[in-house]
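Below are two complexes that have chain A in common, paired first with chain B and then with chain C.
And now, the complex of A and B:
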């Protein structure tokens, strides 16, 4: 991938030509795996994992609705190393997304929210991580048979 | 199609944001137990025996949680995968890629609602 070659010159084309002449868009030199681009692209790529995770979860819930035999077969399929490996990748992805997004959240606040200033970053940090840890702990306890 | 996608952008962003925040919070525990813990024997298989799983899933809160943990990650996934495609392949194909990905997410969302109503 050569940084001196214009990449998809119409990708950011306005609907109407502007009065100011602009240079064709260039693919940045470090794209896609250099500098900050690596984390940015990995964050985007978790989309594929999330989509697959949603579809797998849909299949699991669907089989639960199909009765006891279908559920037992589904549980058996989940023991397949490919499913386990996928879910390990999925767990790594959700942790990566959570840490990145929750770190970004305080930085993305506007200077003012109506008449008030946004709360300090520590409030977001405690709130978001507290909710994440709390919901995860509750879900693990319920699904693993600790409560109910 | 480009105009429609632009008009739908605020709605898509809303569900996408929900997918990142709520989807991440729900998927962590789900994946840890259903995808890893029970299959590897870290948690007892009885925890997800049919009767118990059915009882949890058919409760109103269970149905809502299951629907959200399917629907929100699908939309987060569709939107980020769309942008991955734009980053690598440019905007020209977006008129095909975006409807395909959002179509999968829409169909998956409808099926998720049907799936939880069947429990």
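And now, the complex of A and C:
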């Protein structure tokens, strides 16, 4: 097992120190890369991927305002394997976050929504995954020129 | 006829800390002849009774009710009276729960937990108590279902030891305290939700939770504190929005 790493020195400390000297609190032994923590850290790390994707999108919009030649050059750059790889990472991140979010979402519902109880988890799963697949299919159809 | 009990020797690496002598905790190794049906707590009791009476740890009921014997076993927060020896290999590391100051050996300081626990007012609050002759407060099975799961918490503090936010934010109320506050907010007999939601909306409360879900993974009683915390977030937002719209707030 890895050596102990201290937690915040005031973690779970009482507001007034006790009469006995205490050893400082340690972090959970498997944090951040062991057990389920890895999944949680990856989930949070996808925020970096989304930030980069946002910057790429801003760059594309910027080139759009610089005329047709700049736009064509930008489109050419996007076919670079590094961009393709980046977009595959983006796709993997979105799928990972979606699956994790969908698995946790049903139990975060309040006991009642207005006068009614929330539907069973299976209804949430079907609804969320159904909406995801439906919206993806719609976007693919738009991008492929099938609509508009 | 005699019954022969098979025993296997296992190595226990146990964290030791004497506040009068040690600057930092250290480990001590014990060879323990374990029975297959033992729990980790049985092995610690063997060490205490037969090998080293100076070893300090908390335990009481031995039946997963009192919540005293929570410790870190091979890096995972476990209720040691529930944790079977046979689920581990030949070496078992036992340490105090993570995220807590250590008083001695495997004994953690839980006054900080008790302060957080009390801050959510974990009792029934009524604007006006009913007179005894008016009878008891009645509740339907459906009303009981809304909070029963969250009332199963035994305050073993494993959820605090697993939570990455507790390790970083000392002011975070933490899973068990929020779960208990939410339990009373969801109780049809209670009228103190507005008071508790004020606590929930403060710094280091429900919105500090980043939904790592580790509290629910380690909970030995399947209370699902992550569900309670995230339901409490929803309720705190509704309560805040209501307080803006209605003339007398959400009271």
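Here, the second predicted complex is superposed on the first by the 125 of 148 C-alpha atoms of A that agree within 3 Å, B and C clash if a C-alpha of one lies under 4 Å from a C-alpha of the other, contacts with A are read in each partner's own complex, and residues count from 1 in each chain.
As a convention for this text, a residue touches a chain if its C-beta (ideal position, glycine included) is under 8 Å from a C-beta of that chain, and two chains touch if they have at least 3 such contacts.
Model, not experiment: these values are computed from the prediction.
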Request  = With the two complexes superposed on chain A, say which partner A:139 touches: chain B (first), chain C (second), both, or neither.
outcome  = first
Task = Quick one: classify A:32 as touching chain B (first), chain C (second), both or neither.
result = both
Request  = For A:111, decide between first (touching chain B), second (touching chain C), both and neither.
outcome  = second
Request  = Report for A:65: first if it touches chain B alone, second if chain C alone, otherwise both or neither.
outcome  = first
Request  = Kindly classify A:22 by the partners it touches after superposition: chain B alone (first), chain C alone (second), both, or neither?
outcome  = second
Message = Just to be sure I read the superposition right, which of the two partners does A:44 touch: chain B = first, chain C = second, or both, or neither?
response = both
Request  = Quick one: name whichever of chain B and chain C touches more residues of chain A.
outcome  = B
Request  = Could you say whether A:90 touches chain B, chain C, both of them, or neither, answering first, second, both or neither?
outcome  = first
Message = Using the superposition on chain A as set up above, list the residues of chain A that contact both chain B and chain C.
response = 7-8, 10-13, 31-32, 44
Task = Going by the contact rule at the top, pick out the chain A residues touching chain C in the complex.
result = 1, 4, 7-8, 10-15, 18, 20-32, 34-37, 40, 44, 104, 107-112
Ask   = Which residues, counting only chain C, touch chain A once they are in their complex?
value = 17, 19, 22, 24-25, 72, 74-77, 93, 95, 98-104, 108-115, 146-147, 160-164, 166-170, 174, 186, 210-214, 217, 224, 226-227, 230-231, 233-235, 238
Inquiry  = Which stretch or stretches of chain A touch chain B in the complex?
reply    = 7-8, 10-13, 31-32, 41, 43-58, 60-62, 64-65, 67-68, 71-72, 75, 78-79, 83-84, 86-88, 90-91, 94-95, 97-98, 101, 128, 131-132, 135-140, 142-145, 148
Query = Which chain B residues qualify as touching chain A in the complex?
reply = 19-21, 23-40, 43-48, 50, 52-54, 56-57, 65-66, 69-74, 76-84, 86-92, 101, 104-105, 108, 111-112, 115-116, 118-119
